[in-house]
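One chain, chain A, links the two complexes that follow: it is found with chain B in the first and with chain C in the second.
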Partner chain A sequence: MVRIIVKNVSKVFKKGKVVALDNVNINIENGERFGILGPSGAGKTTFMRIIAGLDVPSTGELYFDDRLVASNGKLIVPPEDRKIGMVFQTWALYPNLTAFENIAFPLTNMKMSKEEIRKRVEEVAKILDIHHVLNHFPRELSGGQQQRVALARALVKDPSLLLLDEPFSNLDARMRDSARALVKEVQSRLGVTLLVVSHDPADIFAIADRVGVLVKGKLVQVGKPEDLYDNPVSIQVASLIGEINELEGKVTNEGVVIGSLRFPVSVSSDRAIIGIRPEDVKLSKDVIKDDSWILVGKGKVKVIGYQGGLFRITITPLDSEEEIFTYSDHPIHSGEEVLVYVRKDKIKVFEKN
Partner chain B sequence: MMKKGTIILVAPTAIFSAILLYLVIWNAVMSFMNWSLLNSKPTFVGLETYSIVIRTFQFTNSLLHSIELSVILVVIGNILGIFIAALLYFLNSNKARSTFLSIVIYPLSISMAVNGLIWLWLFNIHIGVDWLLVRIGLPQFPWLSSTSTMFPSLVLVSVWAYTGIAALFYLAGFMNIDKTIVEAARLDGTSAFKILYKILIPNSLNSFIIATALLFLFSFRIFDLPYVLSGGTTNIFLQTSELYMYYLFTVEYFSQATAVATMITLIATIIIIPYALTVIRRWIRR
Partner chain C sequence: MDKKMRPVIKASLHYLALAIVSVIWLIPVYAMLINGFKSNFEVLSTPVLVPPTKITFEAYVSVLLSLAKPLINSLIIVIPTSFISAFLGAMGAYFFYTLSYSFSRASSAISDVLFSLISLATFIPQEATLLPLTRLIVSMGLLDSYIGIIFALLIFYIPTGALLMSMFISVIPRSLIEAAKMDGTGDLKIFMKIVFPLSMPGFISTLIFIIIQAWNNFFIPLVLVTTPGMKLTSIAVLSYSGAYGTLYNDTFAAGMVASIIPLAIFVFLGRYFIRGLMALGGGGKGV
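Let's look at the complex of A and B:
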């Protein structure tokens, strides 16, 4: 319900010694679900805090719709006037208040009658399925319930913008998918603009329509998650948005060579980095007759593991220390030699600089 | 075999406790005697010393002063401590916060006798605070020169001297609260005052416990400030129990002095031990 325009925003700490954000430009559309992905220390949280108004950009401007809210080190619209609901990484529930009082807290700061508050809290509690724990204190709630109370507190005041700062990292892995689905469902029901910050690509794929990747304070790539997955601008972006094999090799006339493997791609520098996702690698003892897979050479199985119903097989090229892993539905014994196939149009090449 | 760490911890504690206990017991034993300038050979008289000393005007008068001072200091010290800690907490600059905090706890770092002397000058009707009051056209305030304003003046100085410790513990408590909780409240449009009484204070119970204990201990055992401000032990308007005890000692009523000392120890123990057993134990438990 609000469009966010970030113009040339930079943020420095400690008198310029630490650059947290470096000239970031992005438009987040009204009602969009936007994700920010990046490693820890990349400036994700700083970015979100600037949007929330808890920090001020050192330089640059921030607009909510047409309204300038912060510019060049000055806070123009304070956080409480930005109509923001925020879920913090730690959830930041008030430990001395019950779930009901936590959710009602933002409303008690507005001029609203007791019945109206009760009605709104119960309404949002019902949507999030926490109406039966409203008189419990945060410490008496499970992680998932605490997270939903935090979400309810963010939503109860009818925000125009919902900010989620690593909202699932404190949840059990098995609960994360249902929590993500819930967030997405509530967002589409309310039509609120959503900004989610995470280091976990699963959050981004589950929630975001568009994602921006922050690396060392710079927004290096923006696009649909699947586009970034297939066409990352750098090996770093590639590895942030999904698992990938990273191989450094020498460039020859026949392509990039890593030990006994040769990838038929062309690149101008001397050395190059090949990125290949595990699902784009196939290991076989026999020749595969399928045009979409190309043989890149022989490798030797180094170790085999088991994960998520599949065997995780790591191989090394002959005469090289590099490693490639892939998943297979059948085990291959370590030490065996195998033919290594890769999906033809899925080899990602990056210049080594 | 006992671990080395246990020995290192236990040995000094045991020696210290033994000396302390010996003195307390010696003191208690002497209070059952008759020992004074008039009777230089201590003789056992049971509770007679107590019954004599309790019936004196100075005893009830000074005990009342001690209790009044403790109650007032605990109440005002806590309220002012919270107020100062909140002001410091909401300061934006870390530098300003540490500067102001040092100023607030400064009186604690110098001797209370020196604090008393400073205020003796400030209370001087010609050159102290009154000098300023007269300059801006206000009437002089008698401070230590009038019997009715003496005790309030002592209270003022003790509050000035000891509030810093409450402020320090409350600030530590506030700073310990997860910062994102306060930020969440700010995003919800909560006023600073509401953040203070709805979030900061309710989550600083430990600060309240320790600040109250220390304020009580400091004020109930107060000696230097009333001694310096009243210029001795005999001013009955500023005499606290400790001053009375010391007065009895200086006039060589040794048994009566030990009887007062024993009663002060008992009162402090009766208040502090249950407090320590319940709240402080909860506080230091992990």
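Let's look at the complex of A and C:
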């Protein structure tokens, strides 16, 4: 319901000693679900606080639709006039108020009758399935319920933009998927523009249509999560958006060599980094006759683990300390030698810098 | 034998040290308690630490009669003073909290300067303000009145309240206030609905501290009270030790009576006081 335009935004702290955001440019479309992914300290929270109006950009401009809301260190539209609902990482529920009072709090600042407030709160509570706990205090609620109360408080005032700051990091792993599904469902029902900040690629894949990756304050890549997954601009982006094997090798005429493994790719520099996702690696004792998989050499199984119904197998090339892990549906004993296959068009090559 | 002390001996030594300190601390209280129950003759003829042979209440009776008015005066002064100082102090503390988190560099600088000034105000010895304070109160026409004494005490205790409350308020998570701000909540409403209720243990601690300080304040009532009817407890207690002779049993009884009210307040509100102190120690867990 609102389009956000970020133009050349930079943010420095401590008189320029700390650069939190470095010339960020981005357009977030009306009704889009946009994700910001980055390691801790990359400026994600700063970015979100600037959008929310809790902080101002040191330089650059921020527009909501065609309205300039902040520019060059000046706050033009304060947070309360931006029609934003925000879910904080810690949820920031008022501990002295009940769930009902928490959700109703934004409405008490508008000229609205008690009846109307009750109706709106109950409506949103029903959508989020918390109507039976409205009389409880936050400390009496489970983590998932607290999170939904926080979401309800953000949604009850009918915002144009919903900001989620690491909204699932305080939840049990089991509950995260249902919480993500709920957020996505509510968003599409209300059509509100959504900005989610996270370090967890699972949040991004579950929710975002598009994602921007922040590294050291710079927006290094923007695109669909799947595109970033397959075509990351750097090994850092690759490892932020999913698990990846990172191997440094020497470049020869026949490709990149790491111990007994040889990846047939051509690179111009001396040394290169090979990135290969675990699902693009296959270990086999016998020769595989399938053109999409290519043999890169022999490796030795180092460790085998078990995780989520699959065996996690780590191998090392012969004569090298590098490690490659992959998942397999059957165990292979450690110490065994295996043939290492990789999916042909999925080898990612990055220059060493 | 083992060089390490056995736990029993170690604990015993700890308790012995504690006991010695407690006894030293309790001796004056003990003396105050027993001597108030002695007769005029016995208080002069027996050593101060020896208990009375016969308990009499004559000292207490005579003291209570003459202390009744000062006790009421003190209550009339101390209750509004402590509530106003703690409450305005809390508001001031919240003001500094919001200023220091503001992203405008000017306002956080202003916050620092004002806060240093306030801290300074709590360190000024009250005696140093004798002339200006008296002249101020006289020119306002408030000499020898409840309002005048309350006003003078507020000058000293509002900064104390702000200083103490800012320690409690600064542990409230910033995101709570930001969440309220984003919903368009005004500062007064944020203070009344969120900040004040959440800093209640701190508020009560501050309140108790100021009650005790104001109750025992000697200098301000000494200068600003001119008629006997306006006397406060701290001054009235002193009048029992005269230059030509002292009625020790009356003095001790008066001391006891004067201590009872702050003591009772501390006993009733003491657990909040402790809770407030614990909230401070708990860092960010001040909620």
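Assorted remarks:
Simple rule for what comes next: the second predicted complex is superposed on the first by the 353 of 353 C-alpha atoms of A that agree within 3 Å, B and C clash if a C-alpha of one lies under 4 Å from a C-alpha of the other, contacts with A are read in each partner's own complex, and residues count from 1 in each chain.
One rule holds in what follows: a contact is a pair of C-beta atoms (placed from the backbone, for glycine too) under 8 Å apart; a residue touches a chain by one contact, two chains touch by 3 or more.
Since the model is a prediction, treat every value here as computed from it, not as a measurement.
Superposition of the two structures on chain A shows chain C clashing with chain B. In the superposition on chain A, contact of A:V267 is made with neither chain B nor chain C. Using the contact criterion defined above for the overlaid structures, shared-chain residue A:A92 touches chain B and also reaches chain C.
When the shared chain is aligned, no partner comes close enough to touch A:A152: not chain B, not chain C. Of the two partner chains placed by superposition, only chain C is touched by A:D55; chain B is not. Residues 52-54, 79-81, 84, 86, 88-90, 92, 94-97, 105-106, 109-110, 153, 157 of chain A touch chain B in one complex and chain C in the other. The touching residues of chain B, when paired with chain A in their complex, are 178, 180-181, 183-191, 194, 198-199, 202-203.
Interface residues of chain A, counted against chain C in their complex, comprise 52-56, 75, 79-81, 84, 86, 88-90, 92, 94-97, 105-106, 109-110, 153, 157.
Within the complex formed with chain A, the chain C residues making contact are 103, 173, 175-176, 178-186, 189, 193-194, 197-198, 287.
Within the complex, the chain A residues that touch chain B are 52-54, 79-81, 84-86, 88-90, 92-97, 105-106, 109-110, 153, 157.
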